[in-house]
Amino acid sequence: MTRGALKMVTIGGGSSYTPELIEGYIKRQAQLPIKEIWLVDIPDGEKKLKITGAMAKRMVKAAGLDWEVHLTLDRREALKDADFVSTQFRVGLLEARVKDERIPGSYGMLGQETNGAGGIFKAFRTVPVILDIVKDMKELCPNAWLINFTNPSGMITEAIRTWGKWDRAIGLCNVPVMAMMNEPATIGKTLDELTYKFAGIDHFHWHRVWDNTGREVTMAIIDKIYDGSDAGLPKNIFDVKFFREQLKQMKMIPCGYHRYYYREQEMLDHSLEEFKGIGTRAQQVMRIEHELFTLYQDPKLDYKPKQLAERGGAHYSDAACEAIASIYNDKRTHMVVSTMNHGAIPDLPSDHVVEVSARVGATGAIPLAFGNFQPAERGWLQLMKNMELVIDEAAVTGDYGLALQAFMMNPLIPSGQKAKDLLDEMLVANKRYLPQFATKIAELEAAGVKVHDHVAATIDEHIGEI
Amino acid sequence: MTRGALKMVTIGGGSSYTPELIEGYIKRQAQLPIKEIWLVDIPDGEKKLKITGAMAKRMVKAAGLDWEVHLTLDRREALKDADFVSTQFRVGLLEARVKDERIPGSYGMLGQETNGAGGIFKAFRTVPVILDIVKDMKELCPNAWLINFTNPSGMITEAIRTWGKWDRAIGLCNVPVMAMMNEPATIGKTLDELTYKFAGIDHFHWHRVWDNTGREVTMAIIDKIYDGSDAGLPKNIFDVKFFREQLKQMKMIPCGYHRYYYREQEMLDHSLEEFKGIGTRAQQVMRIEHELFTLYQDPKLDYKPKQLAERGGAHYSDAACEAIASIYNDKRTHMVVSTMNHGAIPDLPSDHVVEVSARVGATGAIPLAFGNFQPAERGWLQLMKNMELVIDEAAVTGDYGLALQAFMMNPLIPSGQKAKDLLDEMLVANKRYLPQFATKIAELEAAGVKVHDHVAATIDEHIGEI
Amino acid sequence: MTRGALKMVTIGGGSSYTPELIEGYIKRQAQLPIKEIWLVDIPDGEKKLKITGAMAKRMVKAAGLDWEVHLTLDRREALKDADFVSTQFRVGLLEARVKDERIPGSYGMLGQETNGAGGIFKAFRTVPVILDIVKDMKELCPNAWLINFTNPSGMITEAIRTWGKWDRAIGLCNVPVMAMMNEPATIGKTLDELTYKFAGIDHFHWHRVWDNTGREVTMAIIDKIYDGSDAGLPKNIFDVKFFREQLKQMKMIPCGYHRYYYREQEMLDHSLEEFKGIGTRAQQVMRIEHELFTLYQDPKLDYKPKQLAERGGAHYSDAACEAIASIYNDKRTHMVVSTMNHGAIPDLPSDHVVEVSARVGATGAIPLAFGNFQPAERGWLQLMKNMELVIDEAAVTGDYGLALQAFMMNPLIPSGQKAKDLLDEMLVANKRYLPQFATKIAELEAAGVKVHDHVAATIDEHIGEI
Amino acid sequence: MTRGALKMVTIGGGSSYTPELIEGYIKRQAQLPIKEIWLVDIPDGEKKLKITGAMAKRMVKAAGLDWEVHLTLDRREALKDADFVSTQFRVGLLEARVKDERIPGSYGMLGQETNGAGGIFKAFRTVPVILDIVKDMKELCPNAWLINFTNPSGMITEAIRTWGKWDRAIGLCNVPVMAMMNEPATIGKTLDELTYKFAGIDHFHWHRVWDNTGREVTMAIIDKIYDGSDAGLPKNIFDVKFFREQLKQMKMIPCGYHRYYYREQEMLDHSLEEFKGIGTRAQQVMRIEHELFTLYQDPKLDYKPKQLAERGGAHYSDAACEAIASIYNDKRTHMVVSTMNHGAIPDLPSDHVVEVSARVGATGAIPLAFGNFQPAERGWLQLMKNMELVIDEAAVTGDYGLALQAFMMNPLIPSGQKAKDLLDEMLVANKRYLPQFATKIAELEAAGVKVHDHVAATIDEHIGEI
């Protein structure tokens, strides 16, 4: 790695999160001797890239820094000799997310970005692209670190490590960040007074907490959460409570996404209501994004607008900056990241990716050993991790049987003919982004599988001009 | 163990399966030097016990055997110095099964004897009783073998081994028996020409098959099954097909009960149709039982009537006799049984019970090592086995939080408030058979939880006179 | 596999064991429809091959069989379309074994064929050859079974499975055969009345035994063994007793080779006495072999002479015939073989080779699950299995560091400079058979490492004319 | 735990290490609000306790602190409401160590404090005492932390956790401390510029090192060590080099004690030379101790004299103070400690003690996940950890068979009759401290087992007056 004069690259630079990322760098200017920031995007994203790029330049300038901000559609030019590469791209843009949410919704099933059928398809679209990036990195910047916060972050990191054979990678998630940001106050503490231990996989982890006398305060936080202060829930998750009796038996705090699994019925009902009413989350996000990009175009705006916090992914980019600063400065910070298990969770294979409390420093992330889970959580976790492995393998190989297995395993997709029909329609609907499934998709189209009109209609209606 | 002059005890002797058991003994008269057969039941079952007992005596006599057949309500008298104890009792009789099926049905959920909420409650009711039997056996017949075919057979065997600390036990299931009975012919083979390897847990296992040249014929059988000859499906399972593409990826044959997990939607729809129409399986069984007991009362009937085959549990009793004969004569027969894993399935803990191909002989069952599963089946299996552990622990401790965890884990119970309401109603409905949950049930009743009328009504309507 | 008209191939056909093999086939003529027997050897072994080949022909003829016996130096011609390939070759002939025994002896260390430095070098010489055979088999007889009884049988089988990626292989050992042949009588039983469970690795396994009432008789046999009847010890192992108190704690019967590890001092002393006195085992074997080949040359001898039983490997060939007959006829025989663990010994990786009780039939060997070991045996076994993996990897890669690691791990080689000197001298002494170590050997020779005279002298003295 | 006004207890307060401990507290006076220091010893140690106690008081006074220093022979009085308990006692005093070293030496075997027969007997003597202390702590100070640096530290910590069921315990070792103190300079770095990852068990661990750019520098340090600067070797270990080729293959740095296993021959030779010449280590230590206690008696000495550094255990006490300060202040320091594995080393059971890099804070030690070892080190480690389990179980149960198993497993004790004779003589020689083996010892004495004169003689000669 270069010492001094860092070259930072962001794939998906046209994302609305870019201002948070730039703000994160600026906050850490004393820790990060940046020389160049490269924002990369694809032709479809060029318009947005120009907006975020201009804004980034204004922010850097306002901070009085001499960092170069480069905008490019040429990923390989950007990657050449990079020190840190962060990924925040979205294959298929928000339109793909609209499909991930609305097509399942039209089958009466949950439509969600990283859970259920939507999460599976997000992985199917993203895995081939990330493996392509890894291939480029091996050639162009073999010493760089890859900080992934493209969702589904755990599965993408698994693909990077297992299929891409690239070890200098860390996957991030804002869910633990938000829990640690919000929970301490509920029991009258600050974060640095508490010891957090997280373990699980991305969007499916639990944590326990102790205070600085070594006393466990997990149940105290649960008591507060149960009483309504539900700390740290990302904006995109509907706020139904966990069952108190279940949490008391669990003696751990589940993550917000566990709602989909512990309160499946309510989350589904809520999702279907949104589907029928105000639109799914992607559609809401489109409106927020439209607003954000309108703001970003303001040539006087040179700081991250507070509206960005309404995006579900808030704090992701800041976490990425912190991971980068921790690696570069060997800070040995406690962060919750997706990385190789290495035994930290003995109930899962040691050579696959988990999301776990880790010490992040010059060597990357070293997981803190968590020890064995109790049977209930162990069973859930083993199901979900194995499902991730099935999804990644299907995403790499384009094997339809594996895709079907993933659909049947997924606890949020009731198995059966409707599930298979949903799989087929989603394959056809995502045709452009799924080269690995091309043969099967052609077969499905020949057999008459179609994408239903209401989906397309919905998309048209909501994609505004930027 | 006694050599010669065997004392055989059957708990739940009033069961309609008793004639199959007696037939099984008679068929193996050359292998089993029986002196006494003790049929035990509880006062509520006395009427049936008298009928099956009389029939058993006729069968023995017709076979020209001098075996003594004893009927008793005193379990301890029967267990004293027993050699083999088999269990086929049903705590709460068929009325309890009606509740297991109809209460979930009334919530729009699957009502099934060994899967979903019904299976969990069957375990809750049965585990305390089996542990009581084990306690008696330790005192009264410490060298006896316990052959369990009371369902849910896997969880009951797990309870016997893990909580009862009783090693001389084997759990049986007729599902593998039926597969091995029916599949070979579909590919023009006989059973003894094929090598079967089963692995999983009770009612949730897979198998692979090879012919006598060592060639795997699993896919050949799948091809036949897919084409409609669905071999070996017990009478109580609705016949929806597995997805061919899924089976091709799996390269193993799932068991019939996998339908509930791979075709959840269709199985649920079918269950709800039955719920609304012809009555659930328990209600059908009540009718069959009524017929059977009417037949059994015929003083001329001295052989197993063919109508018994319509019961879902056909071949269970014969399997029990075969297990007994294999142990007694050290036959080293291949049987598929619930027994300690001991590593045979490396993806599950080695000190818990699995259902697996085993060599059954004088030392009991020695599992054949199966090796690792692929991720999809591994994930399913780990979820389900851990759920079994949660259920058993809840059944032993009466911990409501664990019961709730089991409900939330169960793939056939959509988690959420309705699931919790269902749990509560079922606790109250099973009050008489759940002493371990007494405190919680009192609490629920105080809070106004009630069993809805339609259930009771249904039961009244269907319980005939015997 | 061919049905009928079997082509049997034996690599190392010039071995003195060949008559036992032929006898084994003849005994099983009803089970094995043999058409051709091919005995293969290398030019150095041609003289012996002609002798054993002629004898084999006489034996077949005397049995009134029309089997063709072919002798060849062309391995590929023999392998073409083979059904069963058995391997009993010895790379470097007995001269190599003399070195394996005498060079360590000259360092004051144990010289033994399959243990200590000698065993490691036997693996170093043999692994490249067996992998070459596997390569030929993939091309010339992809459906054949490979029955290995070339020592060190476990490590060779591991190499075949792990490095050769050839699954249709079984490794054999006569040690369990002899235990099962001799022990039953010590407690007044016959073998078929007992259940044996072996587990461990080749030449380092333990077993437990039960009678046909399910009662464990392991301690009863130990009592007999301890009292002096030491059943089943191969001819090549010095008869020092195990410590009774150790066996009582172990509650398992160790194999004869465990003497080297449980009575290291006495076995070393005995080995050094032989080294100084009557000559090491290889030298004794040379004399026995000389006698045997003299006998075999008798044109009237057409049956296996009883003198063959004095060879340590007696019963190996018969075990090979039994394995072949069990596979061909799907006999599902209990045999103790080296095969993939698949979880049978949960304390070792499931994807490596162990030696274990197995059911041998059409699909090869299916291990019987043994369950976890107690700490003492678990520690030993994990050390030894890992050492095997190190040896095999060194044998394949020619990595000197790994060879050194293997020497330092080996419990029978006191680590230190003398061990390293021994390694170096043995490398040079085995130069002709270790192409994988060629570079290192050249380096050692350049640095002046020499093979000491006494070794060569000894060899000259003992190699007789055949 | 008390906040402020800490009560610190040290069992074995009469140890010559006490001044280092007191110095450690004084150095950390800003971090540790100590109120009372209790030094506890047994009547046999009272003389020494008075000396170290007086010295401790002078040191505290010289530091201008108002801490109370209490001396007592009443352990329970001291433990009452303790906050931190550290253990540095030596059951049987140095005389026992003399036996641990000289009796094996008289059999031509290694005599060493924590390795070979000596280490096993140190565990046998110490385990019952530590379990007694734990029993008292459960009653008298259930919230206290137990910081053990009584050797063999790993086995003692294992006993505390596994047999004592006491979780608030950390075991310490100075070996990693010294490595981290000495190695960085060899490659021109400071400790805080390096990331260390240790894993293994006490006195049998390896480590890898990275610099603050994430580059691994393990081999660079190996190169320096190999070239002669052998950093961090405790005074009690003879300085023979590791084999360079072995280290290069290993790609990890073994600990100093690995010399006993990787250079067994040289270490044994050296030990026997000392045995015959200048006396074993214990005898040298006696002289050093004699000098130290002479110094300590100087009423003007109020600081730790530099001669203490010559004791092999230097830095142990400082490490204990650092662990205490880290727990009390939730410092989350990187320390290498004996604690529950929890998966950090996936090759060992997750519910046993390992020695591993950990983050030490308010909740105790959280291990950093290390991941799987390569086969050579894995085999060694599994052997050694299992041997520890055997030793601890023998120490608790007094089972002679287990003691014998431990002796036969130990790589530094050639198995056989001499090993058994050694075991027997050591049992008798340690009679006073081995109540758990009383029956067996009586049996041995009855059978004529004697402690040979030379041992007693040697002891008499070297124990000076204090």
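We call the chains A, B, C and D, going by the order they appear; numbering starts again at 1 in every chain.
Keep this in mind: a contact is a pair of C-beta atoms (placed from the backbone, for glycine too) under 8 Å apart; a residue touches a chain by one contact, two chains touch by 3 or more.
Bear in mind the structure is a predicted one, so any value in this text is a computation, not a measurement.
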**Request:** For copies chain A and chain B, work out whether under half or over half of the interface numbers are shared, and give different or same accordingly.
**Result:** same
**Request:** State, to the nearest whole Å, the distance from the C-alpha centre of chain B to the C-alpha centre of chain D.
**Result:** 55
**Prompt:** Taking each chain's centre as its mean C-alpha position, how far apart are chain C and chain D in Å?
**Reply:** 44
**Request:** Quick one: report the Å distance separating chain A from chain D, using the average Cα coordinate of each chain.
**Result:** 47
**Item:** Multi-chain contact sites of chain A, meaning residues that touch two or more partners
**Value:** none
**Fill in**
Among line, ring, star, complete and other, the chain contact graph is ring
**Asked** Chain pairs in touch?
**Response** A-B, A-D, B-C, C-D
**Message:** Help me check something: in the complex, which residues belonging to chain C touch chain D?
**Reply:** 243, 245-246, 248-250, 261-268, 375-376, 378-380, 382-387, 389-390, 393, 399-402, 404-406, 408-409, 411, 414-420
**Asked** Across the complex, what residues on chain A touch chain D?
**Response** 1, 3, 193, 195, 197, 210-214, 327, 329-330, 332, 334, 340-346, 350-351, 359, 361-364, 366-372
